[in-house]
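Written below as structure tokens is the structure these notes are about.
Order of writing sets the labels: A, B and C. Residues in every chain begin at 1.
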Amino acid sequence: MNFSYLFDPEHWELGVPGGFPQLILSHLGYSALGLLLGVIIALPVGLYIGHTGRGSFLAINAGNAGRSLPTLGLLMLMVTLLGLGLLPVLIALTVLVVPPILTSTYAGMRAVDHGVVDAAKGMGMRPLQVLFRVEFPMALPVIMGGFRSAALQVIATATVAASVGLGGLGRLLIDGLAVNDYSRVLAGAVVVAVLAVALDLILALVQRWVVSPGLSGRRVRRATAAT
Amino acid sequence: MIQYLQNNYEVVLTALQQHVWLALLPVLLGFAIALPVGYLAVRFTWLYHPLVNVCGVLYSIPSLALFVFLPVLLGTKVLSPINIVVALTIYTVALLARTVADGLRSVDPLITQAATAMGYRRFGRLINVELPVALPVILAGLRVATVANISLVSVGALIGVGGLGQLFTRGFQLFYLEPILVGIILSVLLAGIADLVIVLIQRAVTPWARFQRGGAA
Amino acid sequence: MSRIRMVGAAVTGIALALSLAACGADEDPLAQETGAASSGGAVTVGSANFAESELLAEIYSQALESKGVEVKRSFNIGARELYLKALNDGSIDLLPEYNGALLAALSTGGAPEGVSKPEDVLGALKKVLPAGTEVLEQSTAEDKDTLTVTAETAAKHSLKTIEDLKAVAGQLTIGAGPEWGERYQGLKGLKEVYGVEFKEFKPLDAGGPLTVNALKGGQIDVANIFSTDSSIVTNKFVVLEDPKSLYLAENIIPLIRTEAKNDTVAGALNAVSAKLTTENLTSYLAQVQVDKKDTATVAKAFLTENGLV
């Protein structure tokens, strides 16, 4: 194990092409865009299916099928079809993150206590109010769980972008491999793993912050203060 | 695509065969390892959180990096399928150990108490009561791990061993769609079949679950 | 109760079956590898990760098979740095190489100066081959590294040779395999021999579709493409001359582990080298790259049409 590449300060200078800051930034960029697109697609669909109960078969099976699509193959297919650029990578990463977000949204919505929904209806809430003020907040912990696992996957997988000539931390893996520089491959692996863990921690904090204290069982006084 | 298959069925078949081995062997190995590991995390509760964290970190190592590093760590040859098998076994354990622990933890304490009252010792209770009750959760995790493995194997093609992934790289080098499509379709089919097999096993070994569901509806 | 016990038994049984299956299965994929060279018989043929290398590897494989040699194929491994490792550890026994590039990779500090003719390169190469490996007879077929630009770029900057790049390289982006960033026959040599320094280096692939399409699409201005590549003709690309011979002779030559070599193997491969020329290689490669014929069919056609099988 040779950590010389990782700890070489030259590789950590800002603004150097191929340096860690620049690679991390592009890596996070691909991941964030993929996650964003995934949320835009999967969240409404999951909420709709979970709320209405219609098309649950579709939600579960589309989720499974999506998970079985090999990202590398999909990426190479997209590059062959669409040419080089960011778009093929984004499509592949979006397909990767849709299944966990979709299934967790659906599962979170289905797990909401029917009694609570009935009570909300009884209070005169309209369907959309029930959805956004009762069901969604109650499903949020499960949804966040799915989002966190999607984030973990997308960070680890965004490395494939380098295999079709783009940047990101995968460059360290692909280039290190091509020139037989294991120290560089190791550096890439370590930075990706650290990035994934850090992101997961941040998301855990976000989850604490967005999930209603009434649900997480923490002190209720904060809840009154927050509203 | 039909014509491509006609001309290349041998290549495709070999790739498929390799893919099946490389993906499923780690599932079996990983399952065998995850069961005791997951159990330990339940038996010794202080182990649970470290286990979850370690699994999370392991799962976030990019597969390509693991494929490249294992020969250095294990002293295996660079093109040896062992590297892929070990790497995917690690991922499988990372996914399943936690699921096994969660499954066992989800067993209603009343059930365990009842089993103890009926005279079960710790091991007998684990095998005869807790594992069967936790099985739906564990098998759900197994499904995810299996499907994930089948899709991950192809990354190995970037270092020369990758089952159907070789069809991706080959097609990609020539900007030729057919091999890539064939590879994707076979990979998805394989995942579907493996998933179905696990579902059938699950139905066979947890008849009560079906009964309950029928009763509830 | 009895039902639960039955299920328990079933679970134990499955777990047992799984672990048994795991033990039995363990041997299979491993056997594929270890059997290769040591057990005599089979020769494992490898290839680099580009179409021509795979075609040549397939030609070698079929030529050996026609002489009754058992062949295992392990194609598409990666760049030279990676597959030489596979050759050294015995994962593969044989692969098609390019004499100049191999010489440069094996000599510390790049290829020795003043060596660029095929015979000189071969002589120098034989001195630096790793223990346990040797080369057979080289063919006249050559596939050189080139710097290639589109016709428009060539016209715009009036580029004919690599020397002409010197003045304009600061505005241009070059695309090549990632290994080019470090190799002497890459950016280092360009800077040292021609004083050419590009604005940006984009690591893509070794003369593969990424590089070709990036050049076509204007994402790069200069590309490292192999001279036999059919995309040069198809896209009317302009290959820049190399007056200072930075790129050595690149004759195709079989590189083999000594323990895998015998008279039958050497005879079959030398017969292939004798028939291989730059012209016929280019046209057979075009069948793979342009007509999308599969390598096995094209390799067979090569062997049949040249009376080798």
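Here, a residue touches a chain if its C-beta (ideal position, glycine included) is under 8 Å from a C-beta of that chain, and two chains touch if they have at least 3 such contacts.
All values derive from a computational prediction rather than experimental measurement.
Taking each chain's centre as the mean of its C-alpha atoms, the one that lies farthest from the centre of subunit A is C. A count of C-beta contacts for the chain pairs A-C and B-C puts B-C on top. Chain geometry summary: the mean Cα position of subunit A and that of subunit B are 21 Å apart. The distance from the centre of subunit B to the centre of subunit C, each centre being the mean of the chain's C-alpha atoms, comes to 34 Å.
Residue positions of subunit C touching 2 or more other chains: 78, 82, 85, 205, 209, 213. Within subunit B, contacts with two or more other chains are made by residues 157-159, 169, 172, 175-176. With touch defined as above, residues shared between interfaces to two or more other chains in subunit A number as follows: 79-80, 174, 177. For subunit C in complex with subunit B, the residues that touch the partner chain are 1, 3-5, 7-8, 10-12, 14-15, 18-19, 21-22, 25-26, 28-30, 32-33, 46, 49-51, 54, 74-78, 82-83, 85-86, 89-92, 205, 208-209, 213, 288-289, 292-294, 296-297.
Contact residues of subunit C toward subunit A in the complex are 78-79, 81-82, 85, 175, 177-179, 181-183, 200, 202-205, 209-210, 213-214, 217, 219. Looking at the complex, you find that subunit B touches subunit A at residues 56-57, 59-66, 68-69, 72, 143-144, 147-148, 150-155, 157-159, 164-165, 167-169, 171-172, 175-177, 180-181, 183-184, 187-188, 191-192, 195. Listing the residues of subunit A that touch subunit C in their complex gives 17, 79-80, 83-84, 162, 164-165, 171, 174-175, 177-181. Note for the complex: subunit B touches subunit C at residues 4, 7-8, 10-11, 18, 21-22, 25, 28-29, 31-32, 35, 77-82, 85, 118, 127-129, 131-132, 135, 157-160, 166, 169-170, 172-176, 178, 201, 204-208.
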